[in-house]
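A, B and C are the chain letters, set down in written order, and residue numbers restart from 1 in every chain.
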Amino acid sequence: MEWVNAIVQGTLLGGLYALFAAGLSLIFGVMRLVNIAHGDLIVLGAYLGLSVTTVLGLNPLLALIVVVPIMAAFGYVLQRGILNQTLGKDILPPLLVTFGLSVIIQNALLESYSADPQKLNAGALETASVAVGSLSMGLLPLLTFGIAIAVIAALQWTFYRTALGRAFRATSDNQEIAQLMGLNRRHIFGLAMALALSVTAIAGIMLGIRTSFDPSIGGGRLIFGFEAVIIGGLGNLWGTLVGGVILGVAQAIGAKIDPGWQLLAGHIAFLVILALRPNGLFPRING
Amino acid sequence: MNLSNLHVTRTSRAAKAAAVVGALILIVLIAAPWWAGRADMRLMGELFLYLALASLWNLMAGYAGLVSVGQQAYVGFGGYMLFALTIFGGIYPLGAIALAGVLGALVAVPVALLIFRLRGAYFAIGTWVIAEVFRLSFAQVSALGGGSGSSLPVGIVKSLAASRSGREHLSYWLALGSTVIVIAAVYLLLRSRNGLALTAIRDNELAAGSLGIDIWRTKFVVYVVTAALTTMIGALIFLQKLRISPDAAFSVNDWTAFVIFIVVIGGIGTIEGPIIGTLIFFVLRETLADLGTIYLLVLGVVAIVIMLKAPNGIWGLIRGRFDIELFPLSFRVKTTHPSKKG
Amino acid sequence: MPDPILTLQGLNAFYGDFQALYGIDLEVAEGEVLAIIGANGAGKTTLMRSISSLTQNRPEMVRYRGEDIGALRADEVAARGIALVPEGRQLFPSLSVEENLIIGGQIGRKGAWSLPAIYKLFPILEERRHQQSTSLSGGQQQMVAIGRALMANPDLILFDEISLGLAPIIIKDIYAALPGIIGEGMSALIVEQDITKALAVSSRFYCLQEGRVSLEGTSATIAREDISRAYFGVA
């Protein structure tokens, strides 16, 4: 029964990892950009949530109303101001520029919020739980998992059912020809980054409610998101959710064996899948 | 112009002058224990080790197109191997450093087989995952202090040299020597057939492949050799520090972020770039380090600006202006002026 | 001759250090169908890319309806009513047939062409509208590419090698449809290797050779030997 419990908790944790991964996957899908600063942007989202909750006295979930648009606007400006200049055949510029961005965000957060761990306070939600049979599931992990499903469904819908999604896919297929359709790829990429950072904002706030955070933890979140993307298969949003769940379950099982093994077990699961299925479980596009 | 007046050469007057000046500087540096203070020597030792790391990272990223953000895996591995081999194996520290290099190469083989499945930027993050696995694994080894780490026993430290100044001199010379060896190795590798293959891959991977260059194998060799040398440098770094912990050994900031900044600022894809980058990095660090996080912020901004505005770094700017190359790698066509006739 | 809709003045084009076009001067009149002929590598596709701004130029090198558009972005040029049917069709593989057409109309210019009008022109596309564009035959893909360009209701449409790689019978069908397509007051530039086809649908032609205009004239009256000289550079 303890094992079933571990697997259920791991699955729910996977929802958070899928939120980490969704933005990464979206950006890669549209413009083949891998954003090394993604994890730090998640942490930035959490800190923005902290500021909004302290200043306005809002519940962190309500703070999303403020944080999501801020992050979206930041994403658009970042893409058009800096990242668009790095896109091209050479993979070094985007990689190194986002790496530099990661260091900048980390140290800017250190400078403004200090290295002390912080946490978002969501009140009773944090301790509430639902009993299913003999299993007890925290309301917060359940909610996070539900939000992950909703976010991925919304992204999926945007991608395949809207004019914006059509523009994303067309630009991803062939940037030149997409320009001939009157699509300004710089603007399209800006919108894609805005959408990705909106998801990142949600991920950051859910992270901040769940655990304490400090400016240095971005790298770890990037890695979890990245592992979920690769396990699920590049370019497959639902695959990303599966990837997140596999990662979460592996970590939960590892932690059950020995607390020191939690993260290691997740990485090992990733490496095993990389060895057996290098394109992930449900690949859609070639990296 | 008569074609027979043209000849192809790698050397140039600047390169010959650089070789002479370089040799003089090297002699002065070797003699540092007789003219430099203790603190200066420590700083220079650290500088040399960073220069070695940067040259190695540059070989991978700038020439082989293997952008790693996980070289801390090998730095830390080297440090831990030094500790393990000397403490449990009873091996003399210098032997342990050499042996650590061999072990680093052995570990790099399966790692490369795995992460070479990831392309481009995903390869980069894959290397980071490996480094995390190393960090978490060594944190589990309680014999080496687990998560809190351990110190090198006094007996082992003393086995290097009896006096403190003797040890300091030795560790300075080791740092200097290893840097010279690394730069020489990179230079010779790039001048060899493999070097031409690497340059071809860097310039156009598709075309290089169609010319029959085994891209995978070339990259694999570079990765493993770099791993071995990085491991040895890591062992040296922790021989200087005398204390190791998982967080310090596998720090992405210390062993990768700084190294990347050095190479980007100096000029990626050139041998001179890391040298200039290391000098700039240490000047910045020594003058701005008191600013703490602001200093890192500035470093990040400088790196981004350089990447966007001068992607070939400071050395690229210099070379673009004066067309010089201190380490002659490219072939040049020259005219020889025959004796004037009428 | 009526006012030109498009004027090229001394157009040069480069790929890195390689110069592909040398000082091209060319005019397309309002409502005119112009053919561009020339051997492989003569610079025909580069010319199309330059007009659509996929290759950047100096502003005054490309003049369209009295405006210098040479330095605009490709999407800005498209918005002014220039559409390209690119060489090799280049449909969007992740989009269905219908989505490929809809995205062509995304610019939102008003005119005769709409989804129903395209389906009337190429009924087979309506049957296949929900398929991935890559699952169609070459000829059907070419129909989608033409339809996608028409959906923008352009004033000037550029056809780049629309018969390349297609079966003769399909080529015949597509060329049979062309007059109906261009007939609505649209101007057109047709790049074609098949000289007979190109001359049959056009009123004037330009022949390119190694990046320069080697001959221009009226399609109906030109002598074949003049063309071969201009085409290959030999008599």
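The rule is short, and it goes like this: contacts are C-beta pairs under 8 Å (C-beta built on N, C-alpha and C of every residue); 3 or more make two chains touch, one makes a residue touch a chain.
Being a predicted model, the structure only gives us computed values, none of them experimental.
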Graph class of chain-chain contacts, one of line, ring, star, complete, other: line
Central subunit by CA centre of mass proxy: A
Mean-CA-position distance for chain C and chain B (Å): 53
Cα-centroid distance, chain A relative to chain C, in whole angstrom: 44
Whole-Å gap separating chain A and chain B, where each centre is the average of the chain's CA atoms: 33
In chain C, residues with contacts to at least two other chains: none
Interface hub residues of chain B, defined as touching at least two other chains: none
Interfacial residue positions of chain A with respect to chain C in the complex: 163, 166-167, 169-170, 172-174, 176-185
Residues of chain A that touch chain B when the two form their complex: 33-34, 36, 82, 85-86, 91-97, 99-104, 106-108, 110-111, 219-220, 222-223, 226-227, 230, 260-261, 263-264, 267-268, 270-271, 274-275, 278, 287
Interfacial residue positions of chain C with respect to chain A in the complex: 52, 54, 73-76, 78-79, 83-84, 86, 90, 92-95, 99, 102-104, 106-107, 148, 152
Partner chain A, residues of chain B touching it in the complex: 61, 65, 67, 69, 114-115, 117-122, 124-126, 128-129, 132-133, 136-137, 139-140, 147, 252-253, 257, 260-261, 264, 268, 293-294, 296-297, 299-301, 303-304, 307-308, 311
